[in-house]
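Below are two complexes that have chain A in common, paired first with chain B and then with chain C.
Showing the complex of A and B:
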């Protein structure tokens, strides 16, 4: 029996997915031995947050066939909400440092970010995507993509118009001593950010795999007509998907507020990185997006470490271009691309 | 698509108009553009600067539409290609003392080579994938430009000599209008020829086009090269007009600006973007300068117009013009709007 598993493992290793995952792990381990374990820690924390944004993007692509350019703006909405919710809370905490609010206050801010993100996603669907879906039948992917471009410009400038262009940031969510793991000191905020990302990705994976709703979403992403025949309410699934995707992005923005203060174009960097992830891992593959998020995070961290800050767009985008040229379906993607190809 | 009719009864004037791809109304508009710097509200220098920017975006949108409207590939790194041309030109002029005119031509050629590369590597991709590829390409080029400080001075910007010694903006204005018209004319001639048909065939259904004997490789690469050459020349103009060049010129938001004008003007029309750019960008500049206490208001309106046009009127201004304005009962008006046909 064991021989069977070994040969299966070897086959997996030879596939693009297996090779790239093993290569990522090896590179991560080698570089952290060479330059210090903080590389690994940075990779894991960046990757965790990137996974949230990228799964949302993947969901939009896979289920709704919307190539979302405005996903970073929901990140921005999340961080903005978290800022306005957390500022009064932190004032309260500084007066009564021992109250339980000091522990759950940040969580309240993040939950608010997720809720506002979901609501704004629904508004976007009702005002923007819904009307387009009713009108356009051909060339939906390209038209909706251009529509999200407009949405992105709109949200960025509404932020600037209403809240101003200055940085709206906080000092930190959780005060106290940093956590120490293997000689690396991680601030509590960073550690919690990773824990939150891991918990949310886990819940999300469970939701997509085992609940009726998640199964319905996956069914719609595979075949809309078939899903309709078995009695799935497409309208409801569309609303659910879009609010989930936007909430994921917004909660990432909310929990990273201590690193990325909210300003109009804060969403561009997560957007670029999430797009790298999506192209790398193949469109519409949710688990692949999680793995891809860590790969892109590693790439970014290594680039910053060995080549210098600011190159972290050049090197990843060059690599992604290579992926697009040689394996357009992505590392984990199947070769079926369907509607997205038009 | 109006195909040239070489009938005997056409008089020389109409033949010339047909060769220039203009209607009498279009000719009138062109003459008006040339006269604009002498008509009172527009003869001030700052108004001229706005008008030059309008014409620049209009010309960019013609080049952009040449790809997006015909072979249906949105070149999302278009501004980066233009910036690349601009930087090539500026660096040649600064480091080798060439004339800015030669620099502009060199910018066009290098941007064309870049277009050739993008066209080649995006051959296997379609739709959103090709758009992503050109986008990432643009991001990489912009990142490189920002980081190669020893060459480009990075975000501090490159001071470039201007094309004309004069302080006045009038010669620049005439140059960009001539460029705009020449770009329109070149694109229109290519589109009118057999090649245009091939472009449309590829844009609508690549497999069907291939089956009927159209070689997509050649046409797609040609299209990309040509539209990127246009961007490079315009980038050179931009560099030698403003006198300062920063990597911001390559930013995705610049592409979005061009894209919005091209789509509001009407996809696949070529002239739509050029016509719409003037009133649209001009009004945006007026809003920007008169509501300077509300930064971003012009872009909010910009985005709203783009969204509304995309949803409710995807044909844009060109479609509106073709279906509603173009068919008056009056014979004279009809001639003015359509030319002899």
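Showing the complex of A and C:
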């Protein structure tokens, strides 16, 4: 029996997915030994958060066939919400440092970010995507893509108009001594950011794999007619998907507020990185996006470490070009079947 | 009467295919629609299942008008459609596909009972329950599509061209599985190109030609009808 598993493992290792996952782990471990464990820590934290943004993006692509370029703006909405919710909380904490608000305050800010993100996703669906879908689904991919670009410009400028173009940041979420793991000191905020990302990605994976609604989302992304036939209400799933995707992006924005202060174009960097992830791992492949997020994060961290900070977008972009030339369906294969785009 | 279609007009965009099609099915019957390619058989099925909305006429299922409803609402009323393309969820396992077929049933225990029932009908699906639907053979996928259609415990099963693209031996298997369902008391509306075989197993049939019902009657009578023999059977 064990022999059976070994041969299965070897087959997996030879596939694109297995090879790239193992290569990522090996490179991460080797570079950490050579240059110091902080590389591994940075990769894991960046990767965890990137996974949240990228799974939302891939969900929009898989279920709705929308090439979402306004996803970074939901990251921005999340960080903005967290800033305005956390500022009064942090004032209260500085007066009462021992109250339990100091522990759960940041979580409240992140939950608010997720809720506001979900609501703005629903508003976007009701005002922008829903009307377009009802009018015509001809040329859907192109039209919806243009709409998302427009939405992105609109939201960036609305932010600037209403809240100004300055940096709205916080000193930190959790105060206190940094956590020490294997001689590396990680600030509490960074450690918590990773824990939050891991928990959310875990819950999300469970939701998509085992629950009735999660399976319905996957069913719609794989075959929309089949989904209608078995009695799935497509409109309901579309609304659920958009709100979920936007909430994931917003919660990432909220929990990274200590690293990325809120300003109008804060969402562009996570958006581009998430697109690298989605193209690398395969359009619409939800679980592949999680693995892809860590690969892109490692690539970025290594580039900054060995080549220079200015190159952190160049190397991933070059890799994406190679992937598009040699394996256009991505490392983990694409799930997109062209749901609305007949 | 379980299903009554009256003067149904339907088509795609501006192209009208069906012209005043009327048909009916009683509970427990095994009825077929046969006809040449392009006659509108699949269009009829899609219109009944709600995948295209009718241009005119009425579709009454269990005493209720269902013309113009969403497919998901029609499924909830107890009508199950097994399409020609099968529309399986290819990256899900056989068992997941079947559970999706019971999407409208909320009770976990009833879902499990339905699953056991479908596995008892098609033991092959039980043996392959963890295999991805996309990696199964053509015949097995047809079986899975029919099994998925049965998961919601429908009062009426619409089956569109189950023999399409299958090797002769597999066609026989598919007809056998429909026979099993019929013996279980399931009401079936079957669309087929394989006229001889279909008329041999069904109770009643409708002949659809150029978007209109040309003939209707007991399957035995249709087989012996001179027009049918000339056009479809080449005798």
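Just so it is clear, the second predicted complex is superposed on the first by the 333 of 342 C-alpha atoms of A that agree within 3 Å, B and C clash if a C-alpha of one lies under 4 Å from a C-alpha of the other, contacts with A are read in each partner's own complex, and residues count from 1 in each chain.
Everything below uses one rule, namely that a contact is a pair of C-beta atoms (placed from the backbone, for glycine too) under 8 Å apart; a residue touches a chain by one contact, two chains touch by 3 or more.
Computed from a predicted model, the values in this text were never measured in an experiment.
S.K.: Using the superposition described at the top, determine whether chain B or chain C touches more residues of chain A.
M.R.: Touching more of chain A: B.
S.K.: After the superposition on A, what does A:154 contact: first (chain B), second (chain C), both or neither?
M.R.: first
S.K.: Based on the superposed arrangement, let me know which partner A:239 touches: chain B (first), chain C (second), both, or neither?
M.R.: neither
S.K.: Applying the touch criterion given at the start, work out whether A:317 contacts chain B, chain C, both or neither, answering first, second, both or neither.
M.R.: First partner only.
S.K.: Looking at A:223 after the superposition, I want to know if it touches chain B, chain C, both of them or none. Which is it: first, second, both, neither?
M.R.: A:223: touches chain C, not chain B.
S.K.: Report for A:108: first if it touches chain B alone, second if chain C alone, otherwise both or neither.
M.R.: neither
S.K.: With the two structures laid over each other on chain A, which partner does A:198 touch: chain B (first), chain C (second), both, or neither?
M.R.: Neither partner.
S.K.: Who does A:132 touch here: chain B (first), chain C (second), both, or neither?
M.R.: first
S.K.: If we count contacts the way the header does, which residues on chain A are in touch with chain B in the complex?
M.R.: Those in contact with chain B are residues 67, 128, 131-132, 135-136, 139, 141-143, 145-147, 149-154, 156-161, 165, 264, 268, 272, 275-276, 279, 308, 310-311, 313-314, 317-318, 320-321, 324-325, 328, 340-342.
S.K.: Name, in rising order, each residue of chain A that touches chain C in their complex.
M.R.: Touch list, chain A to chain C: 212, 215-216, 218-219, 222-223, 225-234, 335.
S.K.: Inside the complex, what are the residues of chain C that reach chain A?
M.R.: 49-51, 70-72, 75-76, 80-81, 83, 85-92, 96, 99-101, 103-104, 148-149, 151-152
S.K.: If we count contacts the way the header does, which residues on chain B are in touch with chain A in the complex?
M.R.: 72, 74, 121, 124-129, 131-133, 135-137, 139-140, 142-144, 146-147, 252-253, 256, 259-260, 263, 294-297, 299-300, 302-304, 306-307, 310-312, 314
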